[in-house]
Amino acid sequence: MKKINFGVIGAGRIGKVHVATLVQKIVNAEVIIVADLDEESAKELCEQFEIPAHSNNYKDVINHPDVDAVVICSPTATHAQYLIEAAKAGKHVFCEKPLDLTIEKIQEAIQVVEENGVKLMVGFNRRFDPNFSRIHKMVSEGKVGEPHILKITSRDPAPPPAQYVAGSGGMFLDMTMHDFDMARYIADSEVVEVYAKTAVLVDPAIGEAGDIDTAIVTLTFENGAIGVIDNSRKAVYGYDQRVEIFGSKGMVNADNNYPDNHVFYSDSGVHKSLPLNFFMDRYLDAFAIEMSAFCDSVLYDKETPVGGKDGLMSVAIALAAKISGKENRPVKISEILG
Amino acid sequence: MKKINFGVIGAGRIGKVHVATLVQKIVNAEVIIVADLDEESAKELCEQFEIPAHSNNYKDVINHPDVDAVVICSPTATHAQYLIEAAKAGKHVFCEKPLDLTIEKIQEAIQVVEENGVKLMVGFNRRFDPNFSRIHKMVSEGKVGEPHILKITSRDPAPPPAQYVAGSGGMFLDMTMHDFDMARYIADSEVVEVYAKTAVLVDPAIGEAGDIDTAIVTLTFENGAIGVIDNSRKAVYGYDQRVEIFGSKGMVNADNNYPDNHVFYSDSGVHKSLPLNFFMDRYLDAFAIEMSAFCDSVLYDKETPVGGKDGLMSVAIALAAKISGKENRPVKISEILG
Amino acid sequence: MKKINFGVIGAGRIGKVHVATLVQKIVNAEVIIVADLDEESAKELCEQFEIPAHSNNYKDVINHPDVDAVVICSPTATHAQYLIEAAKAGKHVFCEKPLDLTIEKIQEAIQVVEENGVKLMVGFNRRFDPNFSRIHKMVSEGKVGEPHILKITSRDPAPPPAQYVAGSGGMFLDMTMHDFDMARYIADSEVVEVYAKTAVLVDPAIGEAGDIDTAIVTLTFENGAIGVIDNSRKAVYGYDQRVEIFGSKGMVNADNNYPDNHVFYSDSGVHKSLPLNFFMDRYLDAFAIEMSAFCDSVLYDKETPVGGKDGLMSVAIALAAKISGKENRPVKISEILG
Amino acid sequence: MKKINFGVIGAGRIGKVHVATLVQKIVNAEVIIVADLDEESAKELCEQFEIPAHSNNYKDVINHPDVDAVVICSPTATHAQYLIEAAKAGKHVFCEKPLDLTIEKIQEAIQVVEENGVKLMVGFNRRFDPNFSRIHKMVSEGKVGEPHILKITSRDPAPPPAQYVAGSGGMFLDMTMHDFDMARYIADSEVVEVYAKTAVLVDPAIGEAGDIDTAIVTLTFENGAIGVIDNSRKAVYGYDQRVEIFGSKGMVNADNNYPDNHVFYSDSGVHKSLPLNFFMDRYLDAFAIEMSAFCDSVLYDKETPVGGKDGLMSVAIALAAKISGKENRPVKISEILG
């Protein structure tokens, strides 16, 4: 059996998820090295999953002669650089989103990837959620006819700490970017214009840090459809991730996932469980399907399902939304892409 | 028992609904005269419900000495004029929406109402739908905490004929006005700014008539909350009317109503009935509760639950949305109200 | 327009429902007389609905020359007698269930009805509930294929007072009879055997009065299908009435009805309204559709949808269940019918 | 870290599930040997999961000096024997259900287990399904008050082949046994009497083989509650596993699980996915939680959550149901246990 040897850069939360997936769930994947600036984390992860090598230097992963593919799970600021280096070293790359916070850097990285003929996949894991991929499929098959209206609800259970917000590039680049990618994925069309209405309603500290915590974002698609995303940094009832698409032949939508489906009828009402509260629980299956898709692309030389352009466009839309929110006007994506 | 004598102007679809409600469901209401330019319609209605008098002249209703309250169900262009005349004649008035398509005329009518000390109620029947009034109540009671995000989906089963569109003032004044009122009702706050993204996706003829058939409208409320309405003139699965409000302490939403709740499990999937397809079916209860509320206001000298300001604001927001859609920019309500 | 003149015997709770339906909702029905031993009740009802005559003697209804059809809403013990007298007087009869608590009396009444060529309809209102009639229709159309398993849940919100229980004939004749009729209606086949497992779990006083308050009843149908009814006299969350039928091609079921469909998401869970708590609310539509069906049968000389045999069989099954519960053994219906 | 060394007997479908769980999901479990009469199967399984030893003789597992616990996944007829031998060898045992098809053999096995002071857990995996364990917990916590009525629906997607039926001991011992265990688990009380109404409606060949394919089974519990199980060997819409318990303070129930939660609204109705169709998919999580619970019992010397008595009672109830169905009479469990 053909095997892919993986090297992983970054042993944090998402790095652990990808390592566990590769080791336990993907038969033809082998993780042979993990690097993290905090080598202790890398070491622990390697011990848990019986991975032979660890390092505190990402270059040891990229330059490892047996590594076929690199998984980049390091902080955002390093993504594009590591991606470029890995591509130049001839490695296939699975890179967490966003590729970078600037259009130029992303475009440069994409070019290097193309020049070196390696695979690039960006970690938009939600595309692989069974609910959302089912809806995407139904749209592709024409079940809803011509798409007219897309709606995405995306609310986090709790806001990130103030210091995180500062370095994150803001809510649109940090959180809504997922929804921008989802919008393109579900509507199956490019976003051409954005209007963002923003507010600070959850925590004034977020506003003081120059960011927002609540937003309604209107999207205009190339195919004429229009869409809306609503975001909040704090839904007290948990992680709220829903999608709906409406078209000339019908509508399809998907609700949240729940830890169980019990329904309790007492004299005070009818009660159910709260939705799954944590993205790891909600998207557990999605992470596995995602990584498996990447492995398939590498093994069978197929296009990755989420490529460089997807990484680029989500950032472009997020940057447009940011300007729109600040200046309270619709912003065309072409204004961002130049 | 104290009784209210009603005179009804307009024996069309909505006139019939109100007459039936008053005669059959409201114990202390009596309908004593119905007028319609097409006297045959008025006559038929009177025969069906054993109403003693009919006329082809609305003045016969307004000037009838025994009439306590007038229900105005005539075409929009006549609303304000009849309302003004009825108020001057000292009659309480229940008037179908919109009060008028111009701010000036509405303001004039409201002033006359106030000067004559009569009750005015505007027919925003959806406020009395058990789902929506329950949500309103929960918001008022603080169940969702501070409101942050309001979402209204409002889609018609089929577009009106082209000639109707021309005279209707456009989708925002004809259809979305209901949603603007619902937005103010549910969010319990005034709208201060509107941004409308519009499209013609259902029927090009509607576009040629200068109107739109699809829209996403972003609302900013005085209390800081933000909201969004999505509209379509054609949902093939029927009449789609849903509301959701999200706040600091939780979220409450309401789905459509269905003719029955059977669920069928075959080898091809799980199937349910379509939503109630016609506004008369969906809002049957709401019409009765609405009229009963008006009678209560008259009998016990209470404020009507939907007053002149509600009639004014819904039109102001609709006019702002119209400009916003045309000029693709956010429009402040103050720009409309002057 | 052809009209049916109605006389009503019994001005209690169910009598009021039928009068209101006939007066307000059925265009070609007229109620011309109401009788009740307590004439004051009859009088009040007549005043409310502008009915010309009342009496304290049921014979005044039956012998009224202008009465075309009699509605019998008096206590059970009088049903068969009044039915027989009315039929002999040539009146069509709508009779509340049960026709009687003995097989002989019911058979006699049915014979008189047949001999006099009048219409008889028994008030099994639940057949006209939109959920259940939809399921019946789907079974008739073959949507579920050959029926295999029928399930009925039927639980009351609160037990009747102890003194009522004594005179009611017991839970099976008083409450479950509805479910026995529903079983025959949904499965579209006769019940041939019953096994009842009974218990007193709600209120010991019911047991002391010689009755039961909880039961699971297994039914065997002529067509080979099997079924089960579960009953309780007290569901703290309200009136619980559900039906499910499973067959060779699928399953269809129906849930309870709710006063509204709001869903509230707080940090403690997801919450909905309780089901409609009172049979009048739950079956409001059913009562109107039922009476309308009776009027149609009379006006257009059609068979009534719920005839004498339906009245007979429900009692026969209930009597079989009673014996089964007492003797803890399966009982054949033929043992009852003789 | 303390580790448990496992030996597995039986490399068939369920053996593979347990091996995969132990290797991939349970940190302190190690599988060191797998035996199967068909050694090729054992070998393949060992290769896939890098297990050092395999054999065609179950004794090599039981006598392996490093094995702490044995997982018995061989055919039913061998369960009791292997269990007895393993217990005598001082090994803890996880044994698939049923322990045996005779009461005597099970009682003997339980005695040996007790004499040797080893842990025994029986593989009633459904107890570990998040829906059902949640309901169990709510009952234990008194959320529904005193249990009155228990309902279990359990229908397979397709009947087993005729030859399987012959050797399976019949539907009650093969399939309903799971539901008997579930009934005891949810009602938290022993079953004292059974009445089974049986039918052959799915496939005449099953009847010819002396078995049944459809049943309604009434259960009487020691605590006074009553219950019902409905079974079918063939639900065209998939695997149907639902539970409901009703008591003095409320009701809690659980629906099936679905592969995704999309809802599609077309002009022909509202449509959803079919339930998960295969027990491996439906109970995937349950298998992992189950095995983890066994490991906990072994590691921390706790009682296993499903012990010998649970294995015994489910068989006793199944045997009683079999007699009941054949003789059409209620059968007491004491009649079986002697």
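We just call them A, B, C and D in the order they show up, numbering each chain from 1.
FYI, a residue touches a chain if its C-beta (ideal position, glycine included) is under 8 Å from a C-beta of that chain, and two chains touch if they have at least 3 such contacts.
These figures come from a predicted structure and were not determined experimentally.
Visitor: Which chains, if any, touch chain B and chain C both?
Guide: A, D
Visitor: Measuring centre to centre, with centres taken as mean CA positions, what chain is farthest from chain B?
Guide: Here the answer is chain D, farthest from chain B.
Visitor: Just how far, in Å, is the C-alpha centre of chain D from the one of chain A?
Guide: Averaging C-alpha atoms per chain gives centres 40 Å apart.
Visitor: So how far apart, in whole Å, are chain A and chain C when each is placed at the average of its C-alpha atoms?
Guide: Chain A and chain C have C-alpha centres separated by 58 Å.
Visitor: I'd like the Å distance between the centres of chain A and chain B, where a centre is the mean of that chain's Cα atoms.
Guide: 42
Visitor: Do you know which chain B residues sit against two or more other chains?
Guide: If we look for residues of chain B contacting two or more partner chains, we find 235-237, 249-251, 265-267, 273.
Visitor: Mind listing the chain B positions that touch chain D in their complex?
Guide: Against chain D, the touching part of chain B is residues 235-237, 265-267, 269-275.
Visitor: Under the definition above, what is the set of chain C residues touching chain D in their complex?
Guide: Interface residues on chain C, with respect to chain D: 146, 148-149, 151, 153, 155, 195, 197, 199, 201-202, 214-216, 218, 220, 224-228, 230, 232, 234-237, 240, 246, 248-251, 328-330.
Visitor: Please give the residue numbers of chain D that touch chain A in the complex, ascending.
Guide: Those in contact with chain A are residues 24-25, 27, 48, 130-131, 134-135, 138, 143, 249-257, 259-267, 273.
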